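First the structure, which I've put down as structure tokens, then a few questions once you've had a look.
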Amino acid sequence: MTLLSVRGLYKTYGSGASSLPAVRGVDLELGRGETLALVGESGCGKSSTARVVVGLARPTSGSVLLNGENLHERLHDRTVRRQAQMVFQHPDQSLNPHFTVGRTIAEPARLLDDGGKGDVEARVVEALRTVGLGPEYLKRRSRELSGGQQQRVAIARALICDPELVVLDEPTASLDQSVRSRVVALLRQLQSERQVGYLFISHDLTTVRRLADRVAVMYLGRIVEIAPTEELFEDPQHPYTKALLAAAPIADPRRRNKVVPLAGETPSPARLPVGCAFQDRCPLVHDVCRTHQPLLEPSSRLHDVECFAVPTPAALAGVQSGER
Amino acid sequence: MSLLDVRGLSLGIAGREELLRDVNLTLEAGEVMGIVGESGSGKTMTALALLGLLPPSMEIRSGTATVEGRTVLEAGARRVHRASGDMTMIFQNPRGALNPTMRVGAQVGRVLRVVRGKTRAEAAAEAVALLRRVGISGAERVAKAYPHQLSGGMCQRVVIAMALAYRPRVLIADEPTTGLDVTVQAQIFELLRELVDETGCGVLFITHDLAAVADMCDRVSVLYGGQLMETATTVEMFEQPKHPYTQFLLESLKPEDQQGEVQAADAGVDFSLPGCRFAHRCPHVFDRCAAFPPLVETNDKHLYSCFLGQEKSLDAAQCSRSV
Amino acid sequence: MTRFLARRLVTTALTLLGIVVVVFFVVRVLPGDAAVLRAGPYADAERLAQVRADYGLDKPLYEQFLSYMGGIFHGDLGTSTVSGGSVASELFSRLPASLEIGLYAVLLACLIGIPMGVLAAAHRGGWLDRIVRLGVIAASSMAMFWLGLLLIYFFFYRLGWFPAPIARLPADVGPPRHVTGLYTLDALLTGQAGLAWTVARSLMLPVLTLTVALVAPVMKIVRQSMIETLGSDYVRTARAMGVPERHILMRDGLRNALLPVVTAIGIVFGYMLGGNIIVETLFAWPGIGRYAYQSIQNNDLEALQGFVILVGVMYVLLNVVIDICYRLIDPRISVGGKARS
Amino acid sequence: MSAEAAAVTGTTASRTNLRSLWGVVREHPMATVGVLLLVLFALAALLGPLFVGDPLKTNPAHALEAPSGHRLFGTDRYGRDVFTRAVVAARLDLVVGIVIAGLATAVGSLIGVAAGYFGGAFDEIVMRVTDIVLAFPGFVLALILVAVLGDSVPNVVVAVAIAYTPYFIRLTRARALAEREREYVDAAALAGNRRWQIAYRHVLPNSLSPAFTQAALVAGWAVLDVAGLAFLGIGIQPPRAEWGVMVAEGANDFLTGAWWTALFPGALIVLLAMGFQLIGDDLQGGEK
């Protein structure tokens, strides 16, 4: 059974003339012990998706199923709620500055697990140990820790209730390079020990390639391509995915970028054109892209693309079937 | 004579420990030199010191810097007069780098007026031309816009246009693409490369991103805890790093299963210690590391600051040498 | 801008209505029988009933309120218990005297406070900055009534430089022809330079007293917002691009620092409207502040209520004007509608 | 360890304590002056009444005597000793300032955090009400409230506190709005906190610092306001020993030459207010 299943997710902020569609029809599946990366540039809707998936925001429409249960209908059910946790982007902000490390990690255990189930204190020490910190950190506060240590504490807090799904929202973006790889290693190790599923939000393709089993690329609120990690990096299909991969510099001075892959910048989601949202920057733009929204169709096994220019019979069939 | 020559630069908060110790840098015309370091390595402090923009609490303890032989920095002096056209800097957070109540054309034009002595009309016309030059379409319209009406990438282009108006011999770019999308970053990098080719200026490219260094720089200097660890051409740095810190940094880029045994503790820098700033994290630390290591030259373009591998210390170092 | 104006208009109307409601009900609902307050403590039952009938106090509260509200729309703030005159006309006849002190004090506070705040920020940590900071603290700890007494003691009683603190004019001098109601202006407009000087001499001590109270917030806010702008990224960029410090101070620093100062002027006016009660009482100045003081002394609640409503309404309207000015000056809000965040 | 050695380590320990104290003093000279002033006033408030006589005792034979070694601050027109009255008044003025600031901070912060965190209709109502209260200059509002409530110390305290409460509501509301967006609030929601628990356990403690800073300044202003009201004859009434009352009583004699009657109590008001202001200024970041 799939762990997480997102169906037809829409999320719109505001209403009327000033409404901003952040997520426009996203479908996702994530299995136990699997890592799905959600990549894209600012404003692509990956963080909004993450917030809805974990229950911090309500979907405008669509549903989030966790082990088959609708998360947003069962938000006050602790047994459902404790299954989805999150690690945030800014470790210095995600810990309450007034709380000690011990109190921070213990909070979910006290509030979400049935009272008296085991000794909370011992579980906190154990959680600290699993993220590589000793019990001497229990009494410290967030400002006394380095960025890497703060993020370890945040990971311990997310894992203390043994959730099956952890959303990682750019967990390494604000860490130094040398700390970053250790946090990634820790996350991998914890996953193999506990079979926890990761929804990994990132714009850092290097880390994505290292951590993810599958990758979904988002652009202006829609998934434009989704494939197993190596296949996506080696054989990207969507013109935006290609540009994104080409734009990221590689840490090898002998393999430099020679061409700028893409002109212009992501337009505002408030003024989306009819048809494909990528049309104005796309090198392969076609008349049909300006009138019809392409749909995510399989281009090969496990590899879905949302583009008319990619030669999949299904994409063309999608146009012929009329306005969907 | 190098275009920019920084010698023995040391900085600190007045009355406290040294945050930057004995840093030496050279930069040639038409060259892009990367300055890499993690947060707190002193890379931005170095740049601010060169421009005389240090916060009031910081003082220059020792060192000199020259641009084409003209002194631009001296120990003790808060601010040395900068001949116009010597050196300027672009920053991260481009939106904040522009005055929110001034039209962007006027901000570019102001540099032309106060630095290059243009009249108001000349400056206005040339500002539009510069905006066009940095790849802004509809430059006339954009010149009349306020910064909040432009995207981050556009704002950075405007700041680059201001730098172009200044006509610097040396351009310092401090994390110019942090916070910008990766596709926009590629555009800005491309623009900077074009400008170097066109004007022949030298660029000090400050970043924490090794991939960006590999992409942009001809040579690299690695800073850690205010100490210059290693300077080399980019290819040599990536392929034959000498300093344990550089080795460690490059190892961390690889997937874990391919990482070598170079490991280092995760700890902050103690600026009050007299020795090598990396000593407390270094897997090869030995007794001589309690003293400050001088720069050693392996060939004319490759220098590093470590006692390891120095002939005289082999006897002492052999016990821990493993890479 | 239109949407902003519409919203601002609605909230302002709500606030103005709120002011009247609050004052009206505070005066009537809180402990203390309004009729007793009005008739005085020694009135007998018959007299109390008489007062109740006279002031409509026997009617239900909402009826009293509606009739008071209706009065306000016709410029009627009720009748003074003591003088029997119209509160509105008594207040408006005294308003110019108050404005004359208040406006000069605000002007003076800005003339001193803005340059001092700018200089302190530009030389942050230096001796001038320290003096300004100490000045702010000293001025904001100053008890106005005591300072006024000291000034009167030295400059009138000891030195005799200024006239006695008894009115807008010495007893033997008549006022200038009424043009604006501000005597200094009227004297100058009617070409009586000598009279203008006489008027100014009477004005100086009260204005000075009020200025001390007003200068502290001006200096403090100017200094703070100036320090903030001078430490901003865009000032650093301008410096890196070789723009001279003097140019930065005026164009980047002051221009952007003055935006919050515009708002601060509103606060300063509030101080002024509160402070004038003490200053006018101390200098026997025939303005609305002293009117309020006298109405308290005489238990004239109708008059006091009129004063508070007038002050509240003036203050709210002033802040609306300031808000609109702010929108016009700041391109982040006025140009292109909503600012991005 | 010998007793001698213990004594030696003891003195070195206290010496380092002294040295670090000296470091604090050197870095915050103005706040130090403020603390010293407040300590002096607190001592006078606590112990003063034990050492001086009856502040209300009149002595017509010694009316309006100038200050001397025997009567430090001289006597007023009823022959009461100005020094005695000034010392006794310290307790009242100090307590009034602190209680007003405390009341306004506590009530304002609670309302402000609730409005900022929960938003919605509650926030809208709170903002409209503070708009209305702020439409009156604080002093005017306090004045009309006392005029209506009647003259008494508690009434003055409540009136002035009400006038300052909206400032604290605005301050903490703005801070709570900012704190609400921080990641630890989301983390708290995921940890199973209910909304009121997040507001109370997480947002409130992190939203208080600007209010505490402001509280010191408000304590200073409150002292001035209460004294100012008393000077106008509103709130605290003669013959009670209160500095504002004393200045008012001495005002006429002051202007005919008996300067000591109003000079000393007025100076004490200013010094007390300044003590609070110096500390508040430092808390606000001093030079920054």
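Just so it is clear, A, B, C and D label the chains in written order, and each chain counts residues from 1 on its own.
Just so it is clear, a contact is a pair of C-beta atoms (placed from the backbone, for glycine too) under 8 Å apart; a residue touches a chain by one contact, two chains touch by 3 or more.
All of these numbers come straight from a predicted model, not from anything done at the bench.
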Study note, to complete from the structure: Ranking chain pairs by contacts puts first C-D
Study note, to complete from the structure: Expressed in whole Å, how far the mean CA point of chain C lies from that of chain D is 24
Check your understanding: Using CA atom averages as chain centres, what separation in Å is found between chain B and chain D?
Key -> 50
Revision key, fill the gap. Taking each chain's centre as the mean of its CA atoms, chain A sits from chain C at a distance in Å of 56
Exercise for review: Would you mind listing the residues of chain A that make contact with two or more other chains?
Suggested key: none
Review point. Which residues belonging to chain B are in contact with no fewer than two other chains?
Key: none
Practice item. Find every residue in chain C that makes contact with two or more other chains and list them. Key: 124-125
Exercise for review: Name the shape of the chain contact graph, picking from line, ring, star, complete and other.
Suggested key: ring
Review point. Between which chains does touch occur?
Key: A-B, A-D, B-C, C-D
Review point. Touching chain D in the complex: which residues of chain C?
Key: 11, 14-15, 18-19, 22-23, 26-27, 30-32, 124-125, 129, 133-134, 136-138, 140-146, 149-150, 152-153, 156-157, 227, 270-271, 273-275, 277-278, 281, 292-293, 296-297, 301, 304-305, 307-308, 311-312, 315-316
**Study point:** chain B residues touching chain C - in the complex, by the definition given at the top
**Key:** 51, 53, 56, 82, 84, 88-91, 93, 96-102, 110-111, 114-115, 146, 148-149, 159, 162-163, 165-166
Check your understanding: So in the complex, which bits of chain B are touching chain A?
Key -> 38-39, 151, 153-154, 181-187, 189-190, 208-217, 234-235, 238, 248-249, 252-253, 255-256, 259, 264, 266-268
Point to revise | chain C-touching residues of chain D, taken from the complex the two chains share | key: 30, 128-129, 131-133, 135-141, 143-145, 147-150, 217, 220-221, 224, 227-228, 231-234, 244, 247-248, 251, 254-257, 259, 262-263, 266-267, 269-271, 273-274, 276-278, 281, 286-288
Practice item. Quick one: which bits of chain A touch chain D in the complex? Just the residue numbers, please. Key: 51, 54-56, 78, 81-82, 84-86, 88-90, 93-98, 107-108, 111-112, 154, 157-158
